[in-house]
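So, here come the structures, one by one.
Below are two complexes that have subunit A in common, paired first with subunit B and then with subunit C.
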Partner chain A sequence: MTAAKLFRHETILAALTVIAMIVLASLSDKFFTAENLLNQGRLMAEVGLISLAMTFVIVTGGIDLSVGSILGLTAILLGVFWKNLGLPLPAAILLAMVCGTFAGFVNGLIITRFSVPPLIATLATLALYRGLAEGISEARSVRGYPEWFFFFGQGEVLGVPFQLWVLGIATAIAAVILGLTPFGRATYATGANEVAARFSGIRVNAAKLWIYTASGFCAALAAVIFVSRVTTTRSDMGTGLELDAITAVVLGGTSIFGGRGTIIGTALGLILIQALKNGLALSGVKGDGTIVVIGLVLIGAILVGALFDRNRGG
Partner chain B sequence: MRADEIGAAAAVGAALPIELRGISKSFAGITVVNSVSFDMRPGEVHALMGENGAGKSTLIKIMAGLYQPDAGEILVNGNAVRFASPKEAHAAGIATVHQELLLFPELTVAENIFLGQTPKTALGTIDWTAMRRRARQLLEELDSGDLDIDQKVVHLSVGNRQRIEIARALAQDARVLIMDEPTAALAEQDVQRLMSIVRRLRKRGVAIVYVSHRMPEIFALADRVTVLRDGNLAGAKPVPEVDEPTLVSMMVGRSIDRLYPAKQGKDGDTILELAGVAHRSVVQDISFKLHRGEILGLAGLVGSGRTETALTIFGVTPATAGQILIDGKPAIIASPGQARDLGIAYVPEDRAHQGLIRPQTIEDNIALANLRRLTRGLFVDAAKVAAEARGAIARFGIRARGPEQPVRQLSGGNQQKVVLAKWLATNPRILIMDEPTRGIDVGAKAEIHQLMRKLAGEGMAILMISSELPEVLGMSDRVLVMNGGRIVGQFDKEHATAEAVGTVMTRSYTREQAA
Partner chain C sequence: MSGAAFSPGRSNLQRFLSGYGQEIVVLLSIAALFAVVGAVNPRFLSDTNINSIFAGNAYIAIAAIGMSMIIMAGHIDVSVGALIGVIATIAGTLAVKGYPIWMAWSVPIIFAIAVNAAVGTLVAYTRIPSIVVTLGMLSILKGGLISATQGEWITNMPAEFMIAQMRPFGIPSAVWFMVALTIIAALFLRYTDFGRSIYAVGGNMEAARAAGINPERTVIGVFALHGLFAGIAGILFATQLQVIQSTVPPNLELTIITASVIGGVSILGGTGTVIGSTLAAILFACIGSALIFLNVSAYWLRAVLGLMILATVLADMVRRRRDK
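Moving on to the complex of A and B:
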């Protein structure tokens, strides 16, 4: 019975995705080919990784606007550590990811220690991290990475893009953590009623700190894949990515007020958006038209969700 | 003469401001109101009583247009009506003063009273002069001329906000006023004031549906009383024809012989000791001992530091001075999690805000404080969680469809039982209960009292905070009295009389005297 309730939004979304796929496939014969779909999976990975952590963030009732900037900062640091400081590339990658993860940890610290609303805290660090990235890069881009590095963004394992494996495994782990572990319970409880969660002995602040740190880590991981895919590092990388991630999460049925949402929903939201973007482009719809369609789908999904919510009553 | 007129009017069904005939309503297949008839005469106070879950809330929500009945009819002035929305009920002269007051905190008193029907000038702008004049006039009529109509509502007390809601109902020309537990959150002097306002309204011919658990108010105010039990009409009688035991047995369907169960067994060793504990300057120099098998009552007025003391023991606001000893060993309690692991449980005063996650299910709520025990390997054991909840539902007699019902759908008494079940599942040795029976009907109240006695008999140490003096005196083996953030008195069971405790509670101390 709970499962039926939980999956209601996801079921609608899955149906919607299937319908969209069929329509898009009928509009262009290039859409529903293994090659195109796998390539779309490749493009989806970066936003996808960020959306997973964003689901946790939004389920706690928070938001993380700084993820795009963390991606940019991590990318720049990777390039600077390798090219300017002369570190070996593996060490540069690792160190840059540590910095990105730390940026997320700082978000969590500001939010939990000083009780700054997440929207304000991450709006500030959105500017801060992007500013750092631009300052450090001095508007120069870094190129000339060795061939092996491009495996993360362009390589394949068993015919499937490497980053799609990463996204798949990360999705499974996130779904298990949110759905089945005590930490997942604590996440939902925090979002639904933070005071009651604290009064029940849940370590609310610790949970939030972990979640914002994980958000930083996911953005950093996405940064490495991004740089590897496009073979170059620029300071404006990942601009606006936070909004794509939030769109996928909300489309996936996660309540922006916290306390409700699933990883499966987010994954479906992600797939639907990517399918629309690609399919409409292939069918000859211009970029602006695609954005309009995505906006309409988002509004539609939220209206349908609200309708079910009302019927559920209380 | 007047009575005859009303009787005649009732006979033809005309002129009654509202009449319900054979109303039924069910949710998800469960009938919560079953063929109930109820009517209101102009200028009467009609008490609506019943245990939590008896169907009172549903019935008044039907009158207020929030729910539509499945069967039966509603008549206003003898004409059958159907309220599709609360707005239509308002238009028919039916207003509600809600338990949780629905005012706009950032607007002024006058604005709140006239919200949605603001007086307009010829130009269509707000006629501030007229609005303020009429607001003042309305408040005068309610004997509330002391309220500043230009003040923002956010600064006002619950009692004052309530008077504004009543004024708002009058501004809408309400002929039926539904008051849902109006005194539940009021201090004693505000209760008196509210009762005098209700009498004034009655004189003006307003019909008042008065929902309350408090017997003294019913006998002081009401003309008639209707009792619901399990969704059925248990009876409707003029108040002079009933007494308290009759009403109680009508409500619970049996007679409750003893209000407060007697002590079982003897006190054991000291389990919790506070030595000079303080939290900032909120509570200071708190020292007492709590023994196994004992119910220690903590009395005091609202704001005297009782809850703050509990929160300090429970680690929500950790102690800033002094020492807490458990089993004679000093303990550092910096978070509720630590307190729980030391065997302390706290059932908070504010169920909705602190005690429960209302959108979540019964099983999820009970599991929340017990996640470690209910986890196998890395994963929460869903089967164990459900079994735990089913056990609690059976043990505490929680009236629910099952472990997967969201807690917000339960009545107040059943919600309180869920909070209790959650904390007793942690196997505590020290149980702190803050206002354990606030807003709970007599039946559930007696059950909770009996449960407390039983737990104490099994060796649990219970610290009970209550604003109801009879409860404190009836349940406690010992009574501590707090005043101004300090403990100012201690009484044995024999010496704890209402006068003695009440005097110490209300005496005004200067800081020096208290020290």
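Moving on to the complex of A and C:
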């Protein structure tokens, strides 16, 4: 049994991450510097926050394709509330985040009340939320935010980027909830066998509703950090972010069929992807080449997982 | 193929309506849209506009035929937009480089069939959900396309390459393709063993296996067929304008999936027709054009699409619950 434990997905992934880091560090001497690593942490925060909630979503056997659109919609609303409606910026931020969270809540309602498969429900809201962002903004961007607002995306606390603290705390909270609480166990039970979970008295629908709402909240939080980091809002913000988040989660060992997965795995998946992106860029691979690598890594990781599963299942 | 169509004690009209309800709704919506928008702004009914609605969007309808089959079989493909972009770029490059025109048309289509057959094989034999495989394929195709072309546009394509702009008997060839392929696909789905096995696999994979169908082979076949339709769509897309932008057309996959779903293909697999998806693709094109003629900002188009998918899907779920 010890051998089986040693070869857990997370252990393999951790080893893989370390190897990737060593290789990348040897390819470019700029890679393994504190400055570069902290900067990469900054870039990782937005997709990281979304991946945390996505882990819960996928553990229940669902998926949330609308997170990138929720991010875009929240960003646009933030700008419109502040600039066009003249609300004070803190109020605009709060209100926009409430709207983003509500968008996630709507996903949950569609999925639980009408039993629409999550894939289709969030595909529809992917179009709807992005469409709202485009319609409301009419392709105009909002700039000129006050200086203090840039703290969320560019500031530092004790030498570490602000959003890396947020991501770290959020990761700890998510890990505790998924690993140690009754809610976490309900999440696993729902994904492993929804009918059995229902018969065991687990409030499956309530759990799902919470999780999709949390997914909206994380996307909204990421939106604020994103806007603060790039100092402007545009309606196409966060396009394709769902792919990055799903890749991190699945690479982290969460089964796309639900019932299995950990937050630590997701965190490792995130770090590996960001290291690959950054390392490849530093060693001269163009930005679009790294998208290809991520796609290959995603398919490869799941393929390996599926083969392992088959052997284990016998 | 809905169960209600075979229940006894109903008039022929009722049976017809329940079998083709969604198609009729879409057709009536198109007619209503033409009547209303035409009344408000008669230029909507001009030859040029009608031509651009049908010819300019035929490739979406054709890709939606393949997508409908994929969804009927219980799968999905989110990489089709990227694939169409890649096909268009390969075709344009071959044509500009001076390869024979038949090669510029056929090589990309064969490429599309091969890519999708590979996706289908992965999906069928490893049981990895098609959403994950095609998400991965999306990023491979998209990244590959941008890094290969560096976003450069393709121009100066030879005139005989531009198949979408040809007009046999005065009607754009893209429209001929759309009509012919829709009819062929509809007949194929209804009257061939393979066509019917697609419905069977989508309805209930294990039951299909028990009935002697090889579900794995069916899934690979459906993906390959979808590749064929995407390939043809890509060639039409490449040849309808004088330039190929060498990028992935934004949200093309979404429009294609939406056309299939609104055309009556159930998202749970097992039912639907390709006539419906073609009509739905035309309906979208009309809506997009109508927004412009009604002076509504085109920026709202995607929100309208999203609402339409949502409404159709919710209606589908409610109907299923009632049927139970």
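In this section, the second predicted complex is superposed on the first by the 296 of 314 C-alpha atoms of A that agree within 3 Å, B and C clash if a C-alpha of one lies under 4 Å from a C-alpha of the other, contacts with A are read in each partner's own complex, and residues count from 1 in each chain.
Here is the rule we go by: contacts are C-beta pairs under 8 Å (C-beta built on N, C-alpha and C of every residue); 3 or more make two chains touch, one makes a residue touch a chain.
Being a predicted model, the structure only gives us computed values, none of them experimental.
*Asks:* Taking subunit A as the common reference for superposition, should the pair subunit B and subunit C be classed as clashing or as fitting?
*Replies:* In the arrangement built by aligning on subunit A, the partners subunit C and subunit B clash.
*Asks:* Contact-wise, after the overlay, does A:197 reach subunit B, subunit C, both or neither (first, second, both, neither)?
*Replies:* Once the two structures are laid over each other on A, A:197 reaches subunit B alone.
*Asks:* So, does A:181 touch the first partner subunit B, the second partner subunit C, both, or neither?
*Replies:* first
*Asks:* Please work out whether A:22 is in contact with subunit B alone, subunit C alone, both, or neither, and reply first, second, both or neither.
*Replies:* Neither: A:22 stays clear of subunit B and subunit C.
*Asks:* Which holds for A:259: it touches subunit B only (first), subunit C only (second), both, or neither?
*Replies:* first
*Asks:* Please tell me which partner, subunit B or subunit C, touches more residues of subunit A.
*Replies:* Here the partner covering more residues of subunit A is C.
*Asks:* Touching A:189, do we find subunit B (first), subunit C (second), both, or neither?
*Replies:* first
*Asks:* Touching subunit B in one complex and subunit C in the other: list those residues of subunit A.
*Replies:* none
*Asks:* In the complex formed with subunit A, which residues of subunit C make contact?
*Replies:* Contacts found on subunit C: 76, 122, 126-129, 131-133, 135-140, 142-144, 146-147, 251, 254, 257-258, 261, 267-268, 297, 299-307, 309-310, 313-314, 317-318, 321.
*Asks:* Given the complex with subunit C, which residues does subunit A contribute to the contact?
*Replies:* 63, 110, 114-117, 119-121, 123-132, 134-135, 137-139, 243, 246-247, 250, 256-257, 286, 288-296, 298-299, 302-303, 306-307
*Asks:* So in the complex, which bits of subunit A are touching subunit B?
*Replies:* 1-2, 176, 180-182, 184-186, 188-189, 192-193, 195-203, 259-260, 313-314
*Asks:* Any idea which subunit B residues touch subunit A in the complex?
*Replies:* 27, 316, 335-337, 339-341, 346, 348, 353-361, 364, 367-369, 371-372, 375, 378-380, 404, 406, 408-409, 422
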